[in-house]
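As structure tokens, here come the structures.
Two complexes are shown next, each including chain A; its partner changes from chain B in the first to chain C in the second.
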Partner chain A sequence: HAFFQAWLNEKFAPELLESKPEVIECVVEQLDHMEANLKRAKRGDLKVSVHHMEIERIRYVLSSYLRCRLVKIEKFFPHILEKEKSRAEGEPSILSPEEFAFAKEYMANTETYLKNVALKHMPPNLQKVSLLRSVPKPNLDSFVFLRVLERQENILVEPETDEQREYSISLEEGSQHLIRYRTVAPLVASGAVQLI
Partner chain B sequence: MEPAEVEFLAEKELVTIVPNFSLDRIHLIGGDLGPFNPGLPVEVPVWLAINLKQRQKCRLIPPEWMDVGKLEEIRDQERKEDTFTPMPSPYYMELTKLLLNYASDNIPRADEIRTLVKDTWDTRMAKLRLSADSFVRQQEAHAKLDNLTLMEINTAGTFLTQALDHMYKLRTNLQPGDSSQSQDF
Partner chain C sequence: RQVLEEMRALYERNQADVSEAKLGRTDLIFLIRFRHCCLLRNQRCLLAYLYDRLLRIRALRWEYGSVLPNTIQFHMSAEEVEWFNRYKKSLATYMRSVGGEEGLDLTQDIKPPKSLYIEVRCLRDHGEFEIDDGTTILLKKNSQHFLPRWKCEQLIRQGVLEHVLS
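So, the complex of A and B:
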């Protein structure tokens, strides 16, 4: 299920991943549809409770997924907004329209807050702060665990220390690995690997 | 990822039950189930199986690997080899816990099974700790962990990845960088 995949990837990726509007919309639609059906059905029916349980499970994953994204947006907002600003035409967005509005508002609120609480009381030449420079960036060099969905050749593993040399590995379908996120980020985006 | 969340994923695995009720096919969002007829075995996801069992609407059939002989073989092999043996189910730990908790009356020699699975888990976790230790010591950049299950990876994983991240930060801060990001947390 593409939806569970998206949930796991978002959970384990150190940066905010591409927004998946088609997947989310599809899930929400199915949930709404199922709930409407249940409203009309007989009460106390076994079928109703089974459907209800499934709906609760899917709801949990959906909330967890959206919350995970919001946490990352709040954590990395200046960088995310910067990335969105410099996005080329036709490149997929990492934010949904609602998330984009949220991120902008969050940024504006943070700036206002900092100004009112501290900056306006500072001497004039210290009243500016660059959020882009002071807010930490996501650490793309974190290690992640992954499972390979589509075989990949020649993935370059960079050395950890100066004494080591880089080497390349191939990722067999079904194998599991521990590696730096940076190396495999494009594979996560394309769906070739699944973070676990 | 919390162990409860790994268990949540494990609950999607299919298991065989024998219902004592009838119900025609259900069309769930995740796929179709049933039809259910009393006395006829049918496959359902674990989350449903447990629920039906709790409502006394079915009997659970343990998966074929949940058998003392098989588990003894697996445990012995795990103890013998240095590498990780492939497990009969990617969710062996969670399934054992769930089925033994809620349906131990349907599982022959449940206590022995519990002990065997725990022994195997302990052996594997010890191996994992050793591997993780050598990974960190030798500052490896990559590891292949094919026969590890999600629960094992998650139990050891968060600590390991955070430790590796810290080491990376310490190491890169030793080198004078031109664009050093100051506020790393």
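So, the complex of A and C:
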């Protein structure tokens, strides 16, 4: 199910992944549908409990997915907004329009706060601060576990130490690996690998 | 505030020296540079402290809900309260826009659901509590109840109820 894939990927990726509005819409519709069914069902029917449980579970995953994204948006807000600003026409956005609004509000709120409480009281040449430089960037070199969904050839792996040289590996379908996120980022985006 | 004062004093002294340096006293350059470093460090520390407080306040919204207990509000500056209110509003707008007509409360369902109903014990008197089928439960200290999980989540976080794991 594309939705669970997206949830796991988002959970384990160090950076904010592409927004998946169609998947979300589908899940929300399903939930609404199931809830309507539940309301119509007879009380005390065993199926009701099972369906109810299922609804709770799906709702949890959806909440978890969206929460995970919000946390990343808040954590890396200057970088995410910068990325969005410099996005090319036709390239998919990593933020949904609502997330974009939220991110902008968060940035404005924080900037205003810091300016009013501290910066405007500082000497003139120190009144501006670059949030882009001060807020840490996502660590793309962190290691992630993954399972290969589509066979990949010749993935270039960066050397870790000075003695190593870069080498290429092939990823067999179904195999599992522990690798630096940076190396496989495009594969996560395309769906060729699944983070676990 | 003290830090700001110190920064102001440092800056003024630096300014005086800058104008002197411009008049040709090159030996003051090092002192100016040193003071500038101090200023930058002060700025960084101050901003780090303030930003860390904001992050903690943000965490409060996720833990306590939209109304903060008075003891906590007492420790916040007016600007921090304003930041909190704006954050609350921004979050509410986002949550409303997601998940159908009513929106999705993202501060619920923090842990995966294990069962529909859970056993809870009341930690303090909370008065009457209504559940979905219309019945009301009286939440008195130390009483135990078997209630729907989703109704209890917020009360558990607020410390009114305690999940009993037998």
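Quick note on the criterion: the second predicted complex is superposed on the first by the 196 of 196 C-alpha atoms of A that agree within 3 Å, B and C clash if a C-alpha of one lies under 4 Å from a C-alpha of the other, contacts with A are read in each partner's own complex, and residues count from 1 in each chain.
Here is the rule we use: contacts are C-beta pairs under 8 Å (C-beta built on N, C-alpha and C of every residue); 3 or more make two chains touch, one makes a residue touch a chain.
Predicted, not measured: the structure shown is a model, and the values here were computed from it.
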Overlay done on chain A, so just call it for chain B and chain C: clash or fit. fit
Return first, second, both or neither, reflecting whether A:144 touches chain B, chain C, both chains, or no partner chain. first
If we overlay the two complexes on their shared chain A, which of chain B and chain C does A:30 touch? Say first, second, both or neither. first
Just chain B (first), just chain C (second), both, or neither: which does A:169 touch? first
Touching partner for A:182 - first (chain B), second (chain C), both, neither: neither
Partner chain(s) touched by A:115 [first = chain B, second = chain C, both, neither]: neither
Following superposition on chain A: angle at chain A, chain B versus chain C, Cα, nearest 10°: 100
Under the stated touch criterion, which partner chain does A:136 make contact with: chain B (first), chain C (second), both, or neither? first
First, second, both or neither for A:52, with chain B first and chain C second: second
Going by the contact rule set out at the top, does A:99 touch chain B (first), chain C (second), both, or neither? second
Give one of first, second, both or neither to describe whether A:158 is in contact with chain B, with chain C, with both, or with none. first
Which value in Å is the smallest Cα separation between chain B and chain C when the structures are fitted on chain A? 7
Chain A residues contacted in one complex by chain B, in the other by chain C: 31, 53, 57, 60, 134
In the complex with chain A, residue positions of chain C that touch it: 4, 7-8, 11, 39-40, 43-44, 46-47, 50-51, 54, 58, 77, 79-80, 82-83, 86-87, 90-91, 93-94, 97-100, 104, 106, 108-113, 115-116, 149-150
In the complex formed with chain C, which residues of chain A make contact? 24, 28, 31-32, 49, 52-53, 56-57, 59-60, 62-64, 66-67, 70, 74, 98-99, 101-102, 105-106, 109-110, 113-114, 116-119, 121-123, 125-126, 129, 134
Per the contact definition, I'd like the list of chain A residues that touch chain B in the complex. 1, 4, 11-12, 30-31, 34, 46-47, 50-51, 53-55, 57-58, 60, 134-137, 139, 141-145, 157-161, 164, 169, 174-180, 196
Show which residues of chain B lie in contact with chain A when the two form their complex. 1, 8-9, 21, 23, 26, 28-30, 33, 47-48, 51, 57, 135, 139-146, 148, 150, 153, 157, 160-161, 164-165, 168, 171, 181, 183-185
